[in-house]
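There are structures below to look over.
Shared between the two complexes below is chain A, which has chain B as its partner in the first and chain C in the second.
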Partner chain A sequence: MAAPLCALASRTQRSARAELAQRLAGSLTPSLARGQAGVGRRWCGDAARQKSTHFGFQTVPEGEKAARVYKVFESVAGRYDLMNDAMSLGIHRLWKDALLRVMNPQPGLRLLDAAGGTGDISFRFMAYTRSVHEQKLRRRARSNQTPSWQDITASYSSEGAGPPQSRAVVCDINKEMLKVGKGRAEEAGITTGVSWVVGDAEELPFDEDQFDVYTIAFGIRNVTHVEQALQEAFRVLKPGGRFLCLEFSQVSTPLLSKLYDAYSFQVIPVLGEVIAGDWKSYQYLVESIRRFPNQETFKGMIEEAGFARVQYINLTGGICAIHSAFKL
Partner chain B sequence: MAALIRGLRADRLVRALGSVAIQMGRVPRGNGSSRGLHRALVLRLADDSHRDQTVPPPPHHTHFAEQSCASDASSQQEHGHCHASHQDQSGEQEEGYETEEQLEARILTAALEFVPQHGWTVEAIAAGAETLGLSAASAEMFNNGAGELVLHFVEECNAQLAKILAEQHNRVQLGQTEKKETAEFLRDAIETRLRMLIPYIDTWPQAMSLLLLPHNIPESLKHLSTLVDDIWYYAGDRSTDMNWYTRRAALTGIYNTTELVMLQDSSPDFKDTWTFLDNRIQDIVNMANTAKQMKSTGEAVVQGLMGVAVTMKNLTGLNQRR
Partner chain C sequence: MCSVLSRARRWAFAFHVLTRQQHTAWESDHHGRLYTGHIQTSPVQKALLAVGSGIAALQNPYRHDMVAVLGETTGHLALVKLRNRMRNNPEGYTILIERPRIQLSTLDLSWMSALPDGSLGREYLCFLEKNKVTPDTRANVKFVDDEELAYVMQRYREVHDLLHTLLGMPTNMLGEVAVKMFEAAQTGLPMCILGAILGPLRLSTSRLQKLTTSLGPWALHSGIHSRCVLSVFYERRWEQNLEDLREELNIEPPPFTLPANSKRPS
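Right, the complex of A and B next:
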């Protein structure tokens, strides 16, 4: 009743081409977008008595945000990886590699890749643990060039154990993203060790004390109740488990901030339209980055959820930040 | 070593992406509320018998095993945040929880058991954490990785040595044992300390290389100087002049060289090492004696020259008063 009206009011239905033409004419600024949101806010405030939250620069009822985010990612799923490369000029790969290096997982751990989507973090995790394991074997072999007969006998008896198997679970609310991820896994030949589960980060379909590492890369800003997601992360982690979050954050220097803003609002939605045929989703993307709390605030939220040893590392001048915490 | 270089290279890559500012989350929270560690099992390691000894411990020596929470609460040091002194969020008594420092110490102590197998690496720390019931991922809690494990071990050994020396001192005070000669005391102290390395002697070169990394040097030098200072203190040195420095420098040299000899010693029970130690201590003693002799000889020579000068003055008649 009230909700669909709000939806209509806050998002006038125009054809994508007309929007593109208008915005390329140079009239798009963040303030304009906020003006539109202002109209929507008035409608929503009167009509709906439920709590509202931000959806990019708009305000929407809480119940709606999840559905809208779902629609956004449903429409971008097919071109998600390509768009990531185009928008970040390939730097997102370096960010994800940095996350893995910070994680530094030993073989045999269980990873929960929340909002894992197309599985970038999980694939890297499997590759990393595999290479660590191989390094260990190589080192052992090097120091064991001429084994005594006792060593050989010992190696026979321990052969049954086998290497500790690392396992990654990719959990995402969006089936389309998971489908794309599964396709990538098959192409890459990663058959064992990675599972794909549909689930909501605010209400994970797992028991408690299950995982050694919980990561959420570029996903937590899409969650309606961030605190709930953090609490769920705390719940499913084992004691001693690690929480890692890779997310866009506040840029520290003003010059970089200006360049970044210009790039975000002028270039990215255009790329979205040209490559993926979807202006609005990428508009949402850059707006949602601005609405996410900054490094220190998010650190406080993580501490509130019960984590200890919360630290953050800025990447690329603060465009991204890795937050790390432990359940102790 | 290769792993270290790889790790450093990885660090450099991350830094190359712009500014990598590691913001340490160690600022005590403004509202004053603290948090005990939910999964901590053990009460505090405090063992107050250490405090009741008759000889006051050397002033700089911190009681590593017992962080007095009350004293830390007011001093807002960066490293010494002790949460348990305040009421924590769930309202538990402070005895039921431990601080992060104590948990870290427990993990590192448990990790020492795995050092012969894995070396001084993060894997050993991960294995140690697992024995305590924590996930292996918690080994990444230590920003300095293997370096922290080595420094923790060195600190523990020094604390143990200080305890042993204090006990010996007490026994001497109470008259139960004879007081040792300085040379013998030094020799025994260094032997005791070096014997603590024997279980890890195969991997000790790796540990030494970790201690020599630039970011670890301040800490390791601090531990070394604490060690040497403790030994001299219990040997009875209360000097306040240049001797303080020369004695400690000499003992540092002896300790380091003996450690190196021990690494490549293959004699039964490290007999050769102790022989080497004996000889070095003897060298120091001889040098001290020689220095004393030289001083007295020098004084005697000067006296003699003065005598000759006065005689000459007498002979030439310059000494007479007119």
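Right, the complex of A and C next:
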């Protein structure tokens, strides 16, 4: 990009300008370095824990990352779905539909939608299982055109049982996102089957062996300790349960990669400023995508957590990838 | 420059501009900040911001942050001219050095309300009260890539309310359009010019008539002939009589007084 003016200025000029800039503002925002030092001083007694991690392209103490991510999503929650449509030109819906097709859930399953936010995956899950169930009924009806009276009696008794109830639990660390999701559920008229739980993907508020499917869509890159989230996923899944992760990944072709980078860094923060009035949150989002490990590395991490049969599928040239694994 | 390059090389250049390394780690650590709240932007981003904020502001004129962004991304030349004008004026030069800010925290409200009627400070407070505005709602400058110009922009925003007092205009649509026309004539900021042209489209016919027949010409005339309003150190002139200040700045009193705003558009 065009060499920033500050890079051309000498260091002394910059510090003089910085002083003037401080007088310019009524309130001072501590620079990242000073904030880091402040946190470091507080954690002085525990040198071992003073590790740092990445927050987009910034480096922050580990303890700070979760709070900063929380603030990002708190501020974007209201416009989250609108921004997703604007940034991906609606393609994110196709990605999520692809995830459901890979999952191919049968009615009666229990889903944990981790980092579920506004509930996109859970709503699709409920709709998918409902349509699978309806298809089954239609097929049964078609093949049963002339039932005998014994068949009719049998169908009366089974009708009372009703369809096997699929259940989805949306778990997210951010209350604002869950609020938006609940509002969407009410508008769509989805009253049964979906529950909304506040929880940290690194420390899930569920017992082990609870869920048939665990999904995390566009959420795992925001987690501070990805390995811990994977271990938690392993813990709460039933034996035979399936782990599915939909996440931005590395683009395979260099040409597409350049265009994608240009689009991400030039257009997306601008969209964030114009539509949501928030440049910095969307700058963080595009930077965090670059920081996330690529498909093969992430596959290795999933295997480390104890999963078997790990596979990945690239979507849209590698812009997204679906990682799938089983707890055996 | 583009006329010299062949078409293929122009395309190659454009592609290169868009796709060369988008960032460096140092930039991201400091975000290339020149002042608090500064966000470093490339020319492509500025162009996109200008277009996007223009559309957003037209769709919803109450999105003041979008009007602000439009002003910042399109106003570079005008800001340079304004800054030079300020530098050439002794009072303006003092302002550029001392960088005063008009915020509730820096104003001594009890002292100002005790000032005599007709003084600048008293009339300013009355204006704030009647129209139910506060100087703290102005957005901070984000996209201006020069620290001094960013201050000039911020000063322009903070002086806007004082301009209302100086011109005697309320904060309804008609008053705002009149002030925008004055500012457009004075500063030449593209955002002001755009506002002065498009603002009247939202007025009722009777108000539009008032604007075109008396208010508009008066605002433009005052804007062209008056002294640079950004070069006035208002913080040291609170006790000065408003009429005296108007005379000093060469601003004629308004052709008629408009009623104070009953419903606030902003």
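Brief remarks follow.
One rule holds in what follows: the second predicted complex is superposed on the first by the 279 of 328 C-alpha atoms of A that agree within 3 Å, B and C clash if a C-alpha of one lies under 4 Å from a C-alpha of the other, contacts with A are read in each partner's own complex, and residues count from 1 in each chain.
Heads up, the rule we're going with is that contacts are C-beta pairs under 8 Å (C-beta built on N, C-alpha and C of every residue); 3 or more make two chains touch, one makes a residue touch a chain.
Predicted, not measured: the structure shown is a model, and the values here were computed from it.
In the superposed pair of complexes, A:G318 makes contact with chain B only, with no contact to chain C.
Of the two partner chains placed around the shared chain by superposition, neither chain B nor chain C is touched by A:G189. In the superposition on chain A, A:N104 contacts chain B only, with no contact to chain C.
Contact with chain B, but none with chain C, is seen for A:G241 once the two complexes are overlaid on the shared chain. By the document's definition of touching, of the two partners only chain B reaches A:R309; chain C does not. Within the superposed three-chain model, A:P254 lies out of touch with both chain B and chain C [touch as defined at top].
In the superposition on chain A, A:F57 makes contact with chain C only, not with chain B.
Per the touch definition, chain C reaches chain A in the complex via residues 18-23, 25, 27-30, 32-40, 42-45, 48-49, 52-53, 55-56, 65-66, 69, 99, 101, 103, 105-106, 140, 142, 145-147, 150-151, 154. On the side of chain A, the complex with chain C involves touching residues 1-2, 4-7, 17, 20-29, 31-32, 56-59, 258-259, 261-262, 264-267, 269-271, 273-275, 277, 279-280, 287.
Residues of chain A touching chain B in their complex: 91, 94-95, 98, 101-106, 108-109, 135-136, 212-213, 237-242, 252, 295, 299, 303, 306, 308-318, 324, 326-328. Across the complex, chain A is touched by residues 3, 10, 13-14, 17-25, 29, 35, 37-40, 100, 103, 122-123, 126, 129, 132-141 of chain B.
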